Every structure is written in C-alpha cells, then in structure tokens.
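We just call them A, B, C and D in the order they show up, numbering each chain from 1.
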Amino acid sequence: MRFFSDNAAPACPEVIAALGRANVQDAAYDGDQWSAQLDARFSDLFETDVAVLWVPTGTAANCLALTALCLPYGGVVCHREAHIQADEAGAPEFFTHGAKLLLAEGPGAKLTPQAIRAVIDPIKSGVHWVQPHAISITNATEYGLVYTPAEVAAIGDLARTRGLRLHMDGARFANAVAHLDCAPAELTWRAGVTALSFGFIKNGGMGAEALVFFDPDLAAATRIRRKRAGHLQSKGRFLAAQLLAMLDGDLWLRNARAANAGAALLAQAAGNRLVHPVQSNGVFLRVTADEAARLRAQGFDFYDWGPGEARLMVSWDQDEAAIRPLADAIAGL
Amino acid sequence: MRFFSDNAAPACPEVIAALGRANVQDAAYDGDQWSAQLDARFSDLFETDVAVLWVPTGTAANCLALTALCLPYGGVVCHREAHIQADEAGAPEFFTHGAKLLLAEGPGAKLTPQAIRAVIDPIKSGVHWVQPHAISITNATEYGLVYTPAEVAAIGDLARTRGLRLHMDGARFANAVAHLDCAPAELTWRAGVTALSFGFIKNGGMGAEALVFFDPDLAAATRIRRKRAGHLQSKGRFLAAQLLAMLDGDLWLRNARAANAGAALLAQAAGNRLVHPVQSNGVFLRVTADEAARLRAQGFDFYDWGPGEARLMVSWDQDEAAIRPLADAIAGL
Amino acid sequence: MRFFSDNAAPACPEVIAALGRANVQDAAYDGDQWSAQLDARFSDLFETDVAVLWVPTGTAANCLALTALCLPYGGVVCHREAHIQADEAGAPEFFTHGAKLLLAEGPGAKLTPQAIRAVIDPIKSGVHWVQPHAISITNATEYGLVYTPAEVAAIGDLARTRGLRLHMDGARFANAVAHLDCAPAELTWRAGVTALSFGFIKNGGMGAEALVFFDPDLAAATRIRRKRAGHLQSKGRFLAAQLLAMLDGDLWLRNARAANAGAALLAQAAGNRLVHPVQSNGVFLRVTADEAARLRAQGFDFYDWGPGEARLMVSWDQDEAAIRPLADAIAGL
Amino acid sequence: MRFFSDNAAPACPEVIAALGRANVQDAAYDGDQWSAQLDARFSDLFETDVAVLWVPTGTAANCLALTALCLPYGGVVCHREAHIQADEAGAPEFFTHGAKLLLAEGPGAKLTPQAIRAVIDPIKSGVHWVQPHAISITNATEYGLVYTPAEVAAIGDLARTRGLRLHMDGARFANAVAHLDCAPAELTWRAGVTALSFGFIKNGGMGAEALVFFDPDLAAATRIRRKRAGHLQSKGRFLAAQLLAMLDGDLWLRNARAANAGAALLAQAAGNRLVHPVQSNGVFLRVTADEAARLRAQGFDFYDWGPGEARLMVSWDQDEAAIRPLADAIAGL
C-alpha cells in the first residue's frame, strides 16, 4: 500500500470523464470553450476577478508566477526547504533569468514576518546587492503545516510595506483550505497574495494545475512566457476541462478533505512520534531504521525523510479502509 | 467542417483508452512502467538504440533538442519560415540561453545543402561572429513538403563535414514517413539526424510528443533540462501511455496515412490552384478573397495564409466522406 | 600605414592627461567626483536632462540599452548588417535573455520607415509570435552613411505610433554630427531616440563609451544591470574622466571632423570606385584583388570587405599628410 | 586618511607609465603585442602552461570563470559571505544562465572540506536537485584570512574525488601570496585550482584583472563568452599592458607586501580588538559606535562592518608614515 507520494495516486473518475467530454474538435491552444471559462469559474471561487492559466506542472506554475513578480536581477525570499529552492532543479533561476532565492529559516518550512525580516533587513540598498522583489510561501508547507489567513496576512502586510509581492505555492492549497475550512479568498488575496499556484494534480488531477493571478494584469505577459517556455499545449482543452471538473461541486475540496482525514487517522495512531502537527495530508514520523523496515515488511511504502524520519503521504482516494492497516501498524510498533 | 488546424482534432480512441489503463497508481514523474518502456519501443521502431523523453508540446521537444545540440553562444541554421523561428515565440532563445537562429532560404520552407552553405560559408571564424553549432530541418515542412532520405542525407553529410549536429522537427514526421513509405531509420539517423522531435499530438495524440535522441548520451543532460523547464510531469505515465498506444500496431502510421489521403483528395480537386505539391496532410491553395468567402459560406473553416492563399489541414479522423464536400466545393469554385 | 580600423588608433593626449589627473584617491565604482559630473555635462550637450552611464565597450552600451528597451520575450528591429546583429557574438541575446533581432533590409545598412514596416507589419498579434518592442539604428551606419535628423525623426514617428522605443548605436555618432553639423539634440531625442550608445573609443578615447538615456528613468535599472554584467569598474573615475575630457572644448567633435576630412580626401581620390557615398570616416571602395595587393605592397593596411571591396577607416589622428599617400595611391590604381 | 577601500587608491606609477607606452597604434581587441605576451608571462610566473584573459573587473573574472566550470543547471559551492554570493548583484547567475550558488559556512568566510561536504553530501542524485559542478573559494577571504597551500590542496582533493572543479577568487591573491611567501603555483594548480581570478586593481592597477586558466583548453570558449558579455575591449592593449607592468619585477608582490605590512602595523595597535587574525591587507576591528566616531573625527575613513565592527583596508601606496597615525589613534582609544 502506497504512502510514498500523492503524485502516485490515479486521477479521479470525474477528471477522466471530463477528458472524454472534451475530446471533440475545438480551437487549438487555449482558444477552446473550456479554457474560456477558467477566469469566470475561478473568479467565482475566489470572490474577485482573477486571471487563470492552466499549466502542466507545479514547477511551471511556481516559476511563471515568480517570473511575473520578480525581475531577473531581483530576489525572492523563500524558506530554505521550499520546493522552489530544494526540489525544482533550479527551474526558478531558469524561468526568471537568474533571480536569486533569498533563504529564510523556520520550523516546518514555515515563514514568519520575523524570519523574512531577518533576511531582507540586512540587505543594503545599492547596485551591489540583490534586492528582494517578492516573497514566496508554501501553503500547506512541505512539512504539511498550514498558514492561517492571519499568518498569511501578517506576511502580506510586510510584503506591502516593503514593496514586495507575495506568491503562494499551493501545490496542496486544497488541503490547507480543507484544514482551515475557510474561504479561499481569506487565505489568498484578502491576505495580500498576488499569485497562487493552485495545485490539482496531487489532489486527483491528471496533468493540469492552475496559475491564479489576483492582479489580472499580470496574466498577459505570463501567457507569452507560458508559450515561450513550451507550456502552451496544443490541445489545451484537456487541461482546462480537468480544472473545471475539479471545481464542479467542489470536488477539489472533497478530495482534499478525504486525504486530510486519512492523515489525521495516521496522526492519531502516531501519537508522540509526530515530528510536526498534522494539518494536511502529510505525516512526518519519527521511526528507527528497524521500525521503518518492519512497516515496509508489512507492505507499506513511504519516503525516508532523513535519518530517523519517515514521510507518509495520503492521497485523495485512500479511505478509512485503506488507511486503517497502516494506522494499526504504526500503533503496534 | 474544420480544416483549420490538425491541432483542433480530437485524440483518437486508442489514446483515450490507454489513458484509462494508465490510471492506476505508479511511481511519479518518469519512474513508472510505461515511461520505462519508451527507449526499447522506440529503439525497435528506429532499428537502433535511442533514448526517448516524453514532453507535452512540440515546442518543448524542439527547444530541448536544440539546447542539447547548440551552446548558448552558438547558432542553429534553420529556414526563415521554420516553426522554431516563426511560431514559437522565441522559445528556442529561451531554452538555449540566447543562441541565434541563422536564417536560410528555400521554397516551401525546405532547405538544401546549398541554402545552408549560403548561410554558414560567409561566417568568419573568430569570437565576434556567432558560429553555427547545429542545423534544424522540418519534415514534413511547414508547407507540407517532404524531405526524402537522400535529401536529408545530403544535409546530414554537410553537417558532419562541418562539425554541426542535425535536428529534425518532426511535428508531422508521421506524415512524411507515410508519404515516403520508408523506414523511419532511413529518414533519420541513417541520414545523419542526431535528434528528432517526433510529433504525435497533431496525429491523434492528446498531450505527448517524443523527443528521440539517436545519440543516447545526450539524454541525461536533457532529462535535467526537462525538469528545469517545468516539463517533468508528476504523472508522466499518462504521457508515456499515449506514446506507447501510438506505436501499438503502427497507429501513428495509419493515422498519418489517413490524413495524407484526405489531403491528396483535396489536391486532386485543387489542380493548378496548388501553391506547393501536396506530400503530407496540408494543402496550400491559391484562392481569391471572394473564393475564400464562398468556401467559408459553405461551412468550411481554414487558415488564411497571407493574401490569396489558404491553408487546409486534414486530420487523422477525416475520412473520404468528411473530405469530399470540401473537394467538391474547391472543384466548383 | 593603417586604415584597417579606427580601433587601432591611439588614445588622444587629452584623454591620457585626464587619466593622470584622475589618478588620485576617490570613492570606488561610480561614486567619484568625475562620474558625478556626467549627467550634468551630457545634459548640457544634449540640451535636455539625460542620465549617463560609462561602459567600457560599444557592445556593452548597445546591449544594456536594448535590455532597457526590450523585454526578454520581445524583438528589436535592426538592419541585417547592424553591428548588434552581425558583429557582437550574440551579446544582445545574452544581455536581453533571448530577445529576438528582427532583421530589416536597406542599402548601406540604413533603415527607413518602409523597411521597418516590412518587418513588423506582417507580425500577427498573439503569443506565438515575437512582438517588436524596439528599433535600433546605427548612425553613422556600418557603411558610413549618416541619417539626417529628418530621417531619424521619420523612424522615431513610426516607433512612437507603434509603441516601440528607439535606440541609436552611435559608435560613430560623433562622425555623424560632424558631417551634419547639427545639434546632437536634433539627431537624437528631438527625433524620438530613447537611448544612445555614444561612442568615444574609436574617436580617440581609450576605454570608455557613454550610454545616454533621454528618458532618465531608465537609468536606475540599467545601473543594476551594469553591475550584474560585471561592467561596474572599481575605479570608474578613470572612465568618467575620459568622457569628460572628450566633452571639454568639444574634443569629440574636433576629432570626428578630422577623421571625416581624411575620409573625404580618400573619397575624392576614389571617384567612381566608391560603393557608398562617404559621409563619415569610412570609405568603401571597389578594388580588384590585384589592386588591393598593390595598395598593400605600398604599405597600406585595410580590411577586405567581401570580394572586390575594401574598407578604409580613417582615425582622428590622421591628418592630410597621413592621408595623402593613400589618396595618391588610389588615384594611381 | 582613507582606509575605506583598496579600490579607492590610485593606480601605481608603473601602471600609468605602461599605459603611455601602449598608446600607439596596434591591432584592436586582443590582437596586439601586449595581449600576445600574457600567456607566456603568466606561464612563467605559475611554472606551468596557463591561458590568460584580461577583463576589467573582478566580477567579470569570477563569473567568466564560473561559467567555464559550471553548466547552467549546476551548482557552485561557495561561502555564504563570498563576494560572488554577497556582493556581485547576481552576476554569477547572469553569466552562468542561472546556476545556483550552494552556500557553505565557516568563520572568516573560509571554507574547509568538512564545510563543503556538509553542503554537497546531502544532495540526492536525480534530476530534481541541483548537482554541484564546482567549488569557489576566495584567497585571501573577504575577511582577510589566507588559505595555505595545504588548505587549498585539501579542498582540491575533495573537488577531484567528487568530480568538481575548483575556482579561486583571488581579488587579493597577491596579498595571500605575500603573506605566505610561497610560489603562486603552490597555492593554485598544484593544489587543484582550475581557474584563478587574479586581481590587480585593488593592488595598484587601474582597470585590468587576469583570468588565469590552469587548464588552457577552457580559455577558447571563455574568449567567446568574454566578447558576448561585452568585455572584449576595443583597445585591449591598455589592459594587457597594465598586467604586464604588474608582473615586471614582481611589482604585484611588492605592492601587496606594502599593503600587508600596513595592515600588520594596525593589527599590532589593535591587539585584542581584532575580529580575525590579520593575514593580508584588511583589518576587522571591534569598536563601539562612539569609538568609531572618534576615529572619524580624527579624519580616518573606514567601512562600518555591521554593528560594533569596522573594516580598515590598507592600500599598496600607504607606507608606515601613512599608517602610523591611525595605528596610534586605535591604540589610544
């Protein structure tokens, strides 16, 4: 049974069905009827006018967002363990033409205004030093921690007062919203977020993420950059249709709730083995090498997260029946 | 009835079915069982060891190929009307970090050794002038003309003697092979081609092209660059499965033959209105504005290709019944 | 006797003397008293507020200017034989992060509004096609032709109506002004020029050119980019002092007049051998290989400009006595 | 009296004299007789075949070196306070097309094999993570500490065993050699250094640094990149002549010894106020704000290095008479 990665899960049936419905002739690229609905549908969800682009990966979403918010000679403050710094092979530097990631610290890969100020306050003004242009936070973080609307707003305030723009890597934004049970607007533009990488693939999608601009004027140049990066797919209707299917009936939220619930079950079983509080669909566990081996021997697959730690990811399609055996195994260690 | 673009066609049923079969859990990125088969399956097709990467667009395939063949300070000889120069929004310059496209001439967007020499022979050696590193040709060309194996080999010979590498943009490679009825190997590595962008999307695919390296050593760095460009999809099995479905039973060739046959029907009807010989699935027609309007009034959709010319693209799914009305309408102009 | 390149000439004594005077301690980079005078001194010369940066090469001046005027995904219209296209090793692509040079035609490397429209009018709007952001013209051109203020203004008008910005590569701007005997303002900002690469090195300088922004707001980002490109010299006072020495008493204009006068002498001798009218310090001559050999046998050094043509460049330090022998030799061919 | 920056010092008379001698006509760019001598003269100095390029700034030297040693998708290990990371405005990212600087720790901005391993050992192999390609160390460091040949060799060994290449930022290489009284070869290629940015400007030069490749094959591509970055000066003889003047009679070493001696005097006076041992020409001092103000009131100029610290830089032209007043003032605090 797999708890290795939420990328390993299949796409959910509604997404597959949507692909079938979109498999008709229509205009190429993003000229089709599905792509045409994105702005309106996401504007409804976010209760404000947004501009939305489909892209096939979270890395593309993040990097196109950063390129819209940071000039080639600027810097982006992010956590040392942020996905854009740690796991994207230098893609941000590629897309931005060499902007510098300015690394901040904080437990659970979570930033605070104080942590950000520790990075930007010492930067002298002048042409010798890379000046910050933007801040990027991940919600839920790479360790599954969730920023509340108030926490985002505190960072948004700092960004505003320093003339910086704020990006949210929301590869697991759905899980954060599900955890908080708040309006998506509260967690984003009302808290000062300019651009959101809204992830769907880990949450039951197949190959489409949404890049959401709360400042719609930023979208025009990004549409050009999407083409220039080879990301304007010929049959974009298939990506748009996936996103729309996810919005229908709040499928994205139901899937995320399911995954979070599974993680909560594991957390309960794990007790004080937990490295971080469980607030989304990831569970970080203290286990000895021997304990990890025993779990694997029982057929559970997961990621070794450094020495003495394991990462268990729950997917949208794992219900209590799928989770229970692992919960029991953990409890029985 | 649409003859506007082969990108407007739906994906063919075998591809959709393959997506369904691939919709199970498997390792993320390209660690899955479908991606693992690509090298072997394409090596069979090409009768030599190749390394293959899936990518979601022809632009990504072309640009990753060029980046493997040309350093940032080098140049790539291509036709002035090549897709990489004329229709990719500067993506080659983005991926290669600013390599220069060196523009050659020739009717029908087709290059010859002579046309290439006209570009590269005058380039003085020295650091002031961008030196050519590679040649890129499109087969079939943007005007539907097909290079024969001998024509490719003549360019391949030139490339070899000048220390250049040869890329083939094969967005409609299938149509070229179908027209020539030759072995894919004859048209590529045996003729000196180093890297091929093998297109499937216009030919009944959904969102996967194959980047084929006949020098497999080039693939390792390209896999890194694919990730760095945000093109390493999380659930890559869906792309790999599409490509494999296309290879099964030579579906790619059957689809291309069907499209070519439709274009041949139109060509017959067009007679001396043809701007170029019809060798693949595109038909370029001389029509007055009035004639174009009359065709459109009958429900036919197509692309105005400059003043007095129309481009009609036939897709894999248009059989004789679908083509005949337009053929008759053209004959009746 | 050298007529090979105006880069081969020594620096003039006033420049050397200025270096000596600047050889005292002062603030590093561009914080010194000489650099501080540049804006005011060039503003006087151009009769408007300008912002000026010293840079060590014309290539750096051109490329920093283009980067200020054109985004990475935009295009710059220039002549096919413009220095930025033909002789700068792809530096514009490097500095701009891959902007595309859009090549126009015209005799003597000179552009007209018509020639520029022939390039930009066919560009469809949309994300697939690189849109023009700027125009770059060279005055005097690579063939020594001079744009009049009216000719520049016609291009400036076109630029303005199309939302493009206008760069002038003035590696030999001094020679153009000397030829026209006009105010520098007439030839630049009053005619619609946004940024000027004002060359001094070929005109008796040692290692400093001036990048002049007629829109001073463009300078701030360019100062950052200058540093980022390694062009912010530690002891910038030596560059600033050279430029100021050139402005003192219009040394730049006297030097250019001297060089132009020499070229005029050669032109007289050349008669109908001239390939282009001689309007600055370059003379392009029709000579057979045998004639060229005879000139060389007499000790004259020059550049073979393709088959049957020779380029003779006159420098600021070549007076009539230095020119006369070559003029006689040409007349005697 | 200035102790603010060694960049503030004038150029030494021998350099100025050399400029005068080079002020004759000669071939442009680096085709002149002075540039032609560089390889041989530096090969003598380093007792091995080297290839040498002049460049006008340390930033250009560092960045061209890194670009020769690290691909765009690779990483360069350096100290968090290295000049390339902290003071070059993102120039390394610009020149390398976005390579990532991988930041290591260590007192006095000095790296050890252990500190480097702490950065590179945790990097997993695979396309998701930027792999190290090179290491860059600064000798003397930004805090004036000197790596001994053995210390460099230990890092060189690590580099070799990991397949990395080693760059030395030698903005104050002369001061390091003067301190160690060792052969330049010992401190560089014999210890595993591939490329050295050999600084002369802070040491009495005007506007020329030497980029030294101990693997001469790396120079050819770098010559192209130098042009492409706008750093191939038209009258390169003036840069080459400066470098040659510096080598004549070991002027570089005499200047460095003079500056080091001045710093040693200050160090003696500073006693336990020293933040770091003084091994070159920089002195880092603990001073209160009040003490700093008192020094300034006596006419001494220096750099505030964070709260409670001052940086005093001694230049090549400051003899004991110039230093003594500050030494006395420090002693008298």
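Heads up, the rule we're going with is that a residue touches a chain if its C-beta (ideal position, glycine included) is under 8 Å from a C-beta of that chain, and two chains touch if they have at least 3 such contacts.
If you're wondering where the values come from, they're calculated on a predicted model, not measured in any experiment.
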Between C-D and A-C, the pair joined by more C-beta contacts: C-D
Remotest chain, subunit D as reference, centres from CA atoms: B
Chain centre separation (subunit A, subunit C; CA means) in Å: 50
Subunit C and subunit D, separation of their C-alpha mean positions in angstrom: 34
Contacts with two or more other chains, residues of subunit C listed in rising order: 72-73, 88-90, 94, 97, 127-128, 224, 227-228, 232
Residues on subunit A engaged by subunit D in the complex (per definition of touch): 72-73, 75, 86-90, 93-94, 96-100, 103, 127-130
Touch list for subunit A against partner subunit B, complex: 2, 4-5, 7-11, 16, 19-20, 23-29, 55-60, 63-64, 88-91, 94-95, 201-202, 206-207, 224, 227-235, 238-239
Residues of subunit A touching subunit C in the complex: 71-73, 97, 127-128, 221, 223-228, 232
